[in-house]
Structure formats: C-alpha cells, structure tokens
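Both complexes below contain chain A, partnered by chain B and then by chain C.
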Partner chain A sequence: MADTNKKVPTQHVIGFLLSLVMTLIAAWAVIGSALPTMWIIISIFVLAFLQAGVQLFMFMHITEKSSGGGHVPWNMMFHGFALAAIVVAGSLFTMSFGFDHGDMHGGDHGGNEQHEEHSNHGE
Partner chain B sequence: MAAEELKSGPLEYRSQEGRMGILGFWIFLGAEVVLFATLFATYAVLFGRTADAPAPSELFQSGVGMTLVMTFLLLTSSFTCGIAVHEMRKGNAKGLATWLIITLVLGLGFLGLEIYEFNHYVHEGATLPSSAYWSAFFVLAGTHGLHVTLGIGWAICLLIQLKQRGLTNVTSRKFFVVSLYWHFLDVIWIFIFTGIYLTGMVL
Partner chain C sequence: MALDEFFVTGEPLIYAGMVSIALVSAAIIFLLTYFKRWGWLWREWLTTVDHKKIGIMYILSALVMLFRGGADALMMRMQLAFPSLEFLNAQHYNEIFTTHGTVMIIFMAMPFLIGLMNIIVPLQIGARDFAFPFVNALSFWSFFLGAMLFNISFVIGGSPDAGWTSYTPLAGAAMSPGPGQNFYLMGLQLSGIGTLATGINLMVTILKMRAPGMKLFHMPIFTWSTLVTCFIIVFAFPILTVALALLTIDRIFGSQFFTLTGEGLPMMWANLFWMWGHPEVYIVILPAFGIFSEVIATFAKKRLFGYSAMVWSMIIIALLSFIVWVHHFFTMGAGAFVNSVFSVSTMLIAVPTGVKIFNWLGTLYKSKIEFTVPMLWSLAFIPSFILGGVTGVMLGMAAADYQFHNSYFLVAHFHYVLIAGTVFACFAGLVYWYPKMFGHKMNERIGKWAFWLFLIGFHVCFFPQYFLGLDGMPRRLFVTNIAEWLPLNVISTVGAFGMGAGFAVFVFNIYYSYRYSEREKTGDAWGHGRTLEWSTTTPVPFYNFATVPYVDEIDPYVRMKEEGKTTFDEKKLKPIHMPSYTGQPIIMMGFLAFASFALIFEWIPLAIVGLLLAVGSMIYRSFDYDDGYYVPVDEIKRTERKARGL
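So, the complex of A and B:
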C-alpha cells in the first residue's frame, strides 16, 4: 500500500480527515448530545479504537506490501494488546466491581472497606 | 525475507539490519502498549478518589477548548510525520526535513499547552500529591508528555544526522522508526483524550 510514486499520499490525507471527523464527533457526543452517559462512553471508546486503527493501518504502514507486510511481529503485537486488555479490564473488575465510584471516602479507605466486606461475606 | 540486500522497495527495508531494526521497534511498541495499559488501569481504578482536591469534571469542562486544540495539534503532527516519510521514500531529503520540522513545531505546541494545562491545574489545587486520582492523572498524562519530549529530542538528533550523512539505508531506517514512534504517541493520546478528558466530563 505504499503510494510512493504518487504526488499526494491519498491514504494519509483520508486517514487525517477521518481522524479529525472522529475527534469532532466524540467531542460533540460529550459536549452537545443528550445521549445517556453509558451510550456516550461506549460510543467515544468505539471511536477511539477506530482512530487507533486509522493510525496503525493508514499511517504506520502496518500492512504494507512493498516492505513485506511492514515486518510487524503480529504475534507479539497481539500479546501486547491482549495483555493491555487484561490489565485494564482485570483491574477494573477486581478493584471497582460492586464499588460506588462517586463516594467521598479517600482512596486509601476504599480498599480496606472492600476487603472487610469480602471477609464478612466469608464468615 | 532473505538475508541479502534488496535492490528495490523502501530504502529502510533493503538491508537485513534495517528490517530487524524495524521488527525490534515494533516489539518495543508492544511493550509500550503494556506500560500505558498499567497506567490506564491505575487511573481507571482510582477514578473518583479526588479527596479534597477539585473534581476533574469541573477542570476538564472549563478547559475543553484547549484539550481539543492539543488533540488537533497532535493529530496534525501525526499526519505531517506521515508526509515526511512519504517524501523520504521519494528520495527527497529536503522534503523529509521540512515536514519533520513542521511535525516537531506542532509537537512543541502540544507540549507547551500541556505544561500550561498542568500549571493551571496546580494553581487550582490539583497536584500530584493532592489525591490518588490526581496522582494517577499526572503520572499517565505526564508519561505521555515525557514520551513526546523524548520524541522531539530524538527527531532533532536525527535531523542533524541527516544533514551530516544524507539519506542512506541506516538514516532512512532511523527516520522510519521515529515516525512509528510518533504515530504511536498519537494513538496513546487518542485514548488519553477519550479515557481521561471526555469520560471525565460526563462521569
């Protein structure tokens, strides 16, 4: 997908415009729309992943033919992304599951409280 | 891929050393993904633990214009960086240098705004030690800012090397790798913009 001989790198221009549009839509969803909070969060994260895709596939030559697929170690990149997902989702699941976010306790109280709750359940 | 030198294709991929260098850099980026994932996880878990410091929603909402400008600066710099590599592949060292300098100026603009933003938050009473939430915020956004700073310094060194040695297998590989790094920083910023700023405004 190297458009080396073209004067204007079409793919870059399209990717750039796409990322601008997606950023504006995400900002509008937060500032201007009346959607429920959950829907806003889901949609802006979908847009974020799409934008990451634009960067990877349209800017970072990840699937480039002329350089033999960009020599991307797919298995290792997959491990990176899988680990990232496990770390983020796992931390949220273990630390924040069943836990009220908006409370006014300090951070250091939070963990203890949850821990006590759990041990009470066990008894 | 065979180990011998190739006669065609992008300059940075022609030598075995160049191909291995780029492969190694992708592995580094995989590790960076995990590094930022741990910081994002910490941030997500500590979300809402602001203690007596100001709530993020107030600060983010009043500064939304600046956050958008920062995002556009970085998105544009990622685009100009792509153009720089495009010029490099046409063998145009001057075009490469010009577009890379534009990229760096945009990056510096981003960095200046981020420093201004952090300074503003500190004046509002949200500092690194003021609460668990703000510690996580400054460490995550600050690690990204540090990466941008390093990227700018790195690219400046490469521009000096380009002036001394011209476009070779080795310098083109170095420029290609720094462009991957720069696009990657934009990917991380998209998630900071979405996960911290936009989410912080609605939650």
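So, the complex of A and C:
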C-alpha cells in the first residue's frame, strides 16, 4: 500500500507461472503418467515442497532485506507447520481406526465395513 | 435442460416460496425505482468500503438468514408435533434440516458476529478502517452471493438433503445425483473465500493498526476474542476449502476421493469436515464470549474481573479446538485408544471455559448491576450455556457417546451452546452497540418482551429434547408417531413458536425504535462505556477518529471521562488518508458467483467463462493505482465542531 512503485512485479509473475506449472505436472503425474505408485507419491511430495518454497520466497517476504529479516513471520510459520502436522498425523491416527478391526459399530451410513477393507488395501 | 427440471415443481410450500420471492423482489425494485434510490443504493452501499456500512450490511443479511433458518425450524417442529398431518414428506424434511443447519451456522451466526466485529473492532482499537478496506468489501460480497446461491436452491434445482455435515458417501454423486449437493459445495466455497479473507484482514488490522501506546494486553476483550477467532479462521478454513474442493471434483469430474468404489475413503470426509467443523464452533462462540464480557463489565460498572485469565483461556480454547475433532464421530468404529485420546482432550476444554464462567461471576460479584436489555441477554447466557456445556462433557465421554450419538440429546446440547452462546450474544451485541450504529437506542420495554419470549421459548423448546434423546428419539427423523415421544415433541414445538414470537418482537422493535426512539446526543449512549468506541461522536464520522488518542491502559475511556478529556485535539489535526469507494468487489464476486452457479448445474463452458471473467477482473484490479484520497483539515474541523457542539 505504501509501495507506490509501479514497475511490473517480475518475481510475482515468475512465481505465479512456476506454481501453475508445478500444479500441472503434479496433476499429470497422477492422472496421465504410467509411473509406479511409489514414484508418483515421491514426485508429488517433492513438487509440494517446491511449491511451498515458491510461495515463501516469491510471495511471502521471507527474503525481504530492508527490515533485516524482521519481516520473516517465524511465529506464523511455526503455527502453520504445527497445524499441518496435526492435520496429517491426526488423520493418519484417526483413519487407522486404532488398528482395531473387531468391534465394528453400524455407523451412520453403513459404509464403514467396506471402507475398512479399502484403507487396509491402501496401506 | 427442461424448465421443469430447472425449477422445483410439485410442492405447494415451495410454490408459495416462489411467489413470495417474486413479490418481495418486485416490491424492492418498485420501491427503489419509485423513490429514485438506485443511484443512492449503488453509491452509498453497493460500492462502499467503509467498515461500518459493511458491518451493517452483514448484520442485515444475517437477520434475514435468521428468519429463513427460523422458518425452516418452525416447519420441522410442525412436522414433529403433528406427524399425522403429513405437513412435510421425507424428502422435504431432509432438505429443510439440511438448509436449517447450514444457514444458521454459515450464513447467520458467522456473518452476524463478523458484522459486529466489522463495526466495533476498528473503533475499539482507534483505527480509521480495516487494513485492507477493498478486501473487506470483497469478503462481504463473497459471503452475500454465496448465501444467495445457497438459498436459491430450494426453488431452483432442489435443496441439498444430506445434512449440514454433508457426509459421504451419501453426499457423493452416486447417492445424491443432481444439483442439490452442488449448491451446498459451491455456496460454502464462495462464502468461505470471504470468511478467510476477513480473518486475515482483521488479524492484520488488530496487529498493525492499534492506537499508539496500545499493547496487546491493553486491548478490549472483544477485540481480543476477535484476534483469537481470526487465528482459528486462518488455520481452520483452508481445511474446509480443500475438503469442499475434493468433494466437488468427486461429484462433477468423477474422481474417487470419498466414494465407496475405487479405493475412496468416505470417512475421510467426516475427518476433514470436523477438523474444520470443530474449530468452527469456537469461531462462533469466542466472539460471543467477547461480547458478553464487554456487556457484563459495562453494566456491572466494573473492570472485567481476571482480564488476563480471560485472554489466556481464550487462547487455550483456540489451541484445544484443533485437537478434539474426533468426538463428532466416536461411533465411526475407531478403537478404544483413538477415542480415549480425543475424549480426554474434549473434556480438557471444560477447564478454560470454566475459568471464563467464574470470571464473569467474579465481575458481577458485589457490583451494582443495571438490568438493561443487553445485560439481560448476558445474564441469561451464563446458566443456559452451562446446561449446554455440562451435557457437552457428557457427550465427550466416548463410551457414553455410543448411547447419545445422533439422538435428540445431542440436538439439545448443541442448540443449548449455540443459541444460549452465539444467538444470545448476537442479540446482546446488536442492542448494546445499536446506538453507535444507528444513532438511537432500541426500545427497552419492547426489547424486554422480545428477551423474555425468546428465553422462555428457548428453554421450553430445547429442554424437553434432552429427555427425548434419552428416550431414544434419533435426530433427522421425520416420522415420530411413537406415543411416548409425542407430548415432549408438542411442548418443544410450543417453545419453538415462542422463540419465533420473540424474534418477531425483536424485528418490530427495530422499526419501532427507528420511528420513536430518542436520538442520541452523546457518543456514550449507555453512560458507562469503558472502551474507545464510546469516545467517538454519534453518528460516527466516516474517518472514525479525527485525532487518534494515546492509549496505555485497559478501559481508557473511563479515565478520559474522569479527567473530562476527549479524543479530539484540534491542534493535532492533519489531513486523513481514506480509501475510495469502488464497484470492483461486487463485480468480481458477481463473476465468481456466476461461475459457481454454472458449476452447480455442471455447465462447464459457462463456468470457465465466469472464471475467466473473474481472473480478468483481478488482473484489472492489479493495475488499479487508486490510492484513495485525503480529507482536508477544514472539512474535519467543520464535521467535528458540528458533532461536538463546539
């Protein structure tokens, strides 16, 4: 807002294009490629980390020199990572069903049993 | 697509709905044309970026949504009290409980609170507007158009009918074909953009734009609750966005994330939904706590007891809100260990909440209480909310939850926390800050009628439902022809109509007060204001503060009044930088709403056109160098002298 500099924001445009390209590659790896499953998983993980890097370095002021690095939002980044960990680890923990396959309750929609088989298969 | 597939046909109630929509729209268009108000509407409201006007639009929309959700509720109660009348059929009943839940949470509770935050938070911290006024307007229009999109579903295409939780596989394409579920997905997705943007916007506003000298622990408690809420919004809403997007891709493009076939994980939806859904209930309850704290401190005429304990308990509640989600589906079939972990974390939340309850009681202790309408709502909140909280701990015990799950016991529990917490707070906050928004108070006598009707109606409606649940009545059931349930259901319905009457009186009070209430002369309408919003003149000038005061304590306005000071210092006047009004937000969001509507009916080419137009308008916005304008000192001087009678 205080920035009245009216040049074309090269870095943002490059970052935007890079993130589009990486998204398309990831979609292709899953839908169109004939790679083995493990390679697909590894490649989309790598792309995801690169994507996060593009966001942090191209858009999110992490390289801002003018304030001596004072703009790096370490606090928010920590919260972001903590939350991502809760989402991923929590989902794995919950969806593992505690490795308990005996005591099945009917559940809401009766889809649990079938789902149980699939999740085993997936692991 | 034939026209009779596009419009919903064959239901007399829905035909009545269509007729009333047509009549109301025609009446609005006629009135605007007759009084030549189109230009006024566009210049003053549709293009505004003023946080106070946007807040009023939020609250107005939320009241309309409260009416819609309430009408749904009354129809359900009619069906349950008189099952032999066959007032609603199974399909219609499913649609109505789905829209009731979604409308009340997403399009009533959140916008109402965000509306109050919009108006009050900048005033409380001595700011002149939001950090990003343009984005604020964008947020409002994304919410409003999302809400309209969702609401139109009952006459066009058919309402969603899989519950407000929209559980898969039921909500998937195989079991719920047609546009109904798509309305749910796109309506929430569109309004979710606005909520997320507001979260960021308010967070930056509070962190960066406080009056000089005001440390975080000098902020009014409502602003604190808003800040904590914004953190929850920023961290929780992306989860919903992703879940909605995955289900949309499932339904429209045939992927298999949540399907029964193709190795989909239907329960993953429940998992993701509640990872957002549980923080969501704290998004609507924490600002409510903030409002009650302000109202109680004002009318107990004391500083809030245990201010820092209040703040820290809100922060702890926010942290805990992210690690309890599994308690919404204990019966999914997870093992004892998984359920126990979430059972313990759930019960932990009772601790900080209890701290808050005792702090409110501590504020009231030995104080001289003034029983105004907002105070009545706040006092009624404490015992009512405790009933909801205690039954929440009962539900949190995983083993016991197998009995309570999806029974009316649960329904009674969450209505006790959401109505006694959020809805009471909305009413309390609206009445409390009403003079600041509109320049006159709401009538106290009529307000008390509304309060007592609503409060008694609420308890008569929901208290019997605990016992209906214990008698085994499941939720979302449309046939209840079981003799033991009938008396309690009839009592509950009577209570529901009492609440309806209370709401009607409340709305009448808005009209009555507009006509007959005495206009405010001072800014401190209640006479006991403690925080900066009461130090502004009424009506609040569009720049809020001509000179921003220095603040280095809690409740700064108390000392200002004692010392006979105001925030206004004519010698320090400088030109004020304000943002220009712009029509871009409503147009940009209009394109996105168009794209969403096309996607709902799976008209892909039209959706692409809409998206391209939206992206185009964003690019246009990127090259818009309008930096706002400066209000000259002379104009400020004139405005302030007139308002302050100098």
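By definition in this document, the second predicted complex is superposed on the first by the 64 of 123 C-alpha atoms of A that agree within 3 Å, B and C clash if a C-alpha of one lies under 4 Å from a C-alpha of the other, contacts with A are read in each partner's own complex, and residues count from 1 in each chain.
Everything that follows uses one rule, which is that contacts are C-beta pairs under 8 Å (C-beta built on N, C-alpha and C of every residue); 3 or more make two chains touch, one makes a residue touch a chain.
Everything numeric here is computed off the predicted structure, so don't read it as measured data.
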Partner chain(s) touched by A:L83 [first = chain B, second = chain C, both, neither]: both
Partner chain(s) touched by A:I42 [first = chain B, second = chain C, both, neither]: neither
Chain B versus chain C, judged by how many residues of chain A each one touches: B
Partner chain in contact with A:V21 - chain B first, chain C second, else both or neither: neither
Which superposed partner A:F93 touches (first chain B, second chain C, both, neither): second
Shared chain A surface residues [contacts with chain B and with chain C]: 4, 79-80, 83, 87, 90-91, 95-96, 103, 107-108
In the complex, chain C residues that touch chain A: 167, 169-170, 231, 235, 239, 260, 263-268, 271-272, 275, 322-323, 325-326, 331-339, 341, 402, 406, 625, 627
Touching residues (chain side chain B, partner chain A) in the complex: 1, 9-10, 12-13, 19, 22-23, 26-27, 29-31, 33-34, 36-38, 40-42, 44-49, 51, 64, 68, 71-72, 75-76, 78-79, 81-83, 85-86, 89-90, 131-133, 180, 183-184, 186-187, 190-191, 193-195, 198-199, 201-203
Touch list for chain A against partner chain C, complex: 1, 4, 6, 79-80, 83, 86-87, 90-91, 93-100, 103-105, 107-109, 111-112, 114-116, 118-119, 121-122
Partner chain B, residues of chain A touching it in the complex: 2-5, 9, 12-13, 15-16, 19-20, 23, 26-27, 29-31, 37, 40-41, 44-45, 47-48, 51-52, 55-56, 59-61, 66-68, 70-73, 76-77, 79-81, 83-85, 87-88, 90-92, 95-96, 101-103, 106-108, 110
